[in-house]
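One chain, subunit A, appears in both complexes that follow, with subunit B as partner in the first and subunit C in the second.
Right after this comes the complex of A and B.
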């Protein structure tokens, strides 16, 4: 017999997974309406639900950016409230800074009130340390969305190769969540003139069939499929 | 974004230390690889001593072929070959074995290391040529990379065969340039051996098509990374040989330092991260192969690594 894990970490992780499932449903048209407002309203633990909005960040806008789903004032208010309850801090890691700036920009673009996004983000390039760079990019995967100013403004062949190497490494280590995040960036780069050196369709099929089955990873692969199919060029 | 060139001096320095230590260990422990008295060509357990004799001979023959070893290492290589050839009764044991088992390819695959260094057994040579002309040889039920091993052995031994290298290479896993994330441990060994035999251990890098060279340049760093992480030193060393078999070896000094760090002070290179037995015979049985591989890897890198920049 198993018992629910009552630790705060488990509660917050469950909230992130729940919201990722909603966003995925909205993106694929299997569930809706599913903006962050509904997620917070229906949550047993509203604070954890707001934390999930902060964690997913730009990804809560994915259905709007990739599938033309509505993102209304109540959804904007939920994001604003998430920033109020969990404000950016001066010691946030660079990945968090990038995520918050992208979320804040999307919020404003969708009619929300401006929020303070925190410090200036730093940039990194693959150079010869492809493994470290790929790890950094995997943590930034919510920024692989059309219309988001992220860490890969002009992807080139070297970046595409580094992403493919990181994806390959993650697959060989059976780290499917990381593989999905990097495949998403690879699809993003592919759509911007830096062709992926892997068969992305096969990679995404493999992750979906062999991966962890979490909603968050499924969201990454679903977004990757849309980026690879060029959805962003129709809706961004 | 430009990748800095790895320092060829750093790679070659580490490679030299690795190779010298490994060759010295193979030389000092060569008698642990003696065949039991009255060994016949039937060889009930060919993997126990017979195959390691051939592997030591391979490493020694490449040390001599590359021609860059110190006088001491060169002398050690010559003595390894002389010892192994004597164990094989100057080729008579290979001849008996080939007579008894005409479809077996290991007599040729061992003989070729000695042939590379100038040894020759006339009747065995003639027997190989005869068997190679049989249709039966073409129909042998072999893995594609094993078929390449035989083809390269025949080439190095100077036999009268001219296989279609393109057809043989295309039949391998590597020849398909497949999804690099689909490789597994055993397939990785198929890849390394495909490269060893197509290029004759780095002697003819042009034997690999530009497409395969590009494929390996792209994915070797990833494969080295994952097998280095789990301390599969044997496979890591084989992948480093593959790098040295390319027209432009690119392996990074850090990878060499990791492998050199696994080498013991006496020159033995363990096959993986497990403890090495204090029993010399057990240590020889379990780690002889990896020490051979390290000797080859170090020798070829010392000779061929010019510090081409990594793709990323």
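Right after this comes the complex of A and C.
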């Protein structure tokens, strides 16, 4: 007989998967309104549910930004509560700082109370070291959303090439979560005038067919598809 | 039940273990080991044993 892992990491990871599935359903229209408020209300462990809201960060706004889904006051309240229970700290890693700032900005834009997003984000890792840079960008994939200020405000051809190489490397390593995150950035850059040198449709098909099967990866893939479709519409 | 009502029940400020669990989920690194399919003859011992135990090749009958 097996017992569930009671460590916070395992409990929070399960909550993140649950919330990612809800956000994915809201984005693709396969589930009803499923903002963070509903997720927290229905959770058996509200603290884990709030941790999931903090982990997904800007991605909880993806259905609102990409599909026009509602993000009501209760949803804003859930995000504010997540920041209260899990406040940003001075020793947070840079990617956490970037994500917190983006989440705080989106929260304010959707009518939520301002929250303290923590320290000022810094860019690191020069782009010519594409492998390390791609790893850094993969951890920042929730910032690849329209209207979010991230570390790639004006992507150029060099960035697109580095993202394509990073995506290819991740696919060769069968690291499908990283491949989905970088494909998402590649689609974002493509939509901002830095054409992707990969066949993004084929890459996303491959990740969907052979991927890890987690809701987080499925969410990254779905967002990448939305971003790619948006850029196709703009160029058509 | 509002979010405020439900979340006020238990969540007090997260402790260091909880914060570190959350941060580790945010900063997920790339997969440390490649899952690429490589040749790994796991049954090599069994195959060798079967070869050794297999009957000898029949020889031509003496005239």
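We take it that the second predicted complex is superposed on the first by the 224 of 236 C-alpha atoms of A that agree within 3 Å, B and C clash if a C-alpha of one lies under 4 Å from a C-alpha of the other, contacts with A are read in each partner's own complex, and residues count from 1 in each chain.
Following the convention adopted for this analysis, a residue touches a chain if its C-beta (ideal position, glycine included) is under 8 Å from a C-beta of that chain, and two chains touch if they have at least 3 such contacts.
Keep in mind the model is a prediction, meaning the values are calculated, not measured.
Asker: Aligned on subunit A, subunit B and subunit C: do they clash or fit?
Answerer: fit
Asker: Looking only at subunit A, is it subunit B or subunit C that touches more of its residues?
Answerer: Counting residues of subunit A touched by each partner, the higher count goes to C.
Asker: Looking at A:174, would you say it contacts subunit B, subunit C, both, or neither? Reply first, second, both or neither.
Answerer: second
Asker: For A:156, using the defined touch cut-off, is the partner it touches subunit B, subunit C, both, or neither? Pick first, second, both or neither.
Answerer: A:156 sits against subunit B, while subunit C stays out of touch.
Asker: Which partner chains sit in contact with A:31 here, subunit B, subunit C, both or neither? Use first/second/both/neither.
Answerer: neither
Asker: Can A:46 be said to touch subunit B (first), subunit C (second), both, or neither?
Answerer: In the superposition, A:46 touches subunit C alone.
Asker: Which partner chains sit in contact with A:202 here, subunit B, subunit C, both or neither? Use first/second/both/neither.
Answerer: first
Asker: Closest pair of CA atoms, one in subunit B and one in subunit C, after superposing: how far apart in Å?
Answerer: 9
Asker: Which subunit A residues are contacted by subunit C in one complex and by subunit B in the other?
Answerer: Common to the two interfaces on subunit A: residues 172-173.
Asker: Show which residues of subunit A lie in contact with subunit B when the two form their complex.
Answerer: 125-128, 130-131, 156, 158-159, 161-162, 164-165, 167-169, 171-173, 179, 197-199, 202-203, 206
Asker: Which positions of subunit B touch subunit A when the two form their complex?
Answerer: 1-4, 179-181, 183, 218-219, 221-223, 225-226, 229, 252, 309-312
Asker: Quick one: in the complex, what on subunit C touches subunit A?
Answerer: 1-4, 6-7, 9-14, 17-19, 21-31, 34-36
Asker: Can you list the residues on subunit A that touch subunit C in the complex?
Answerer: Spelled out, the residues of subunit A in touch with subunit C are 7-9, 12-13, 16, 37, 40-41, 45-47, 50-51, 54-55, 57, 74, 77-78, 81, 84-87, 89, 92-93, 95-96, 99, 135, 138-139, 170, 172-175, 177-178.
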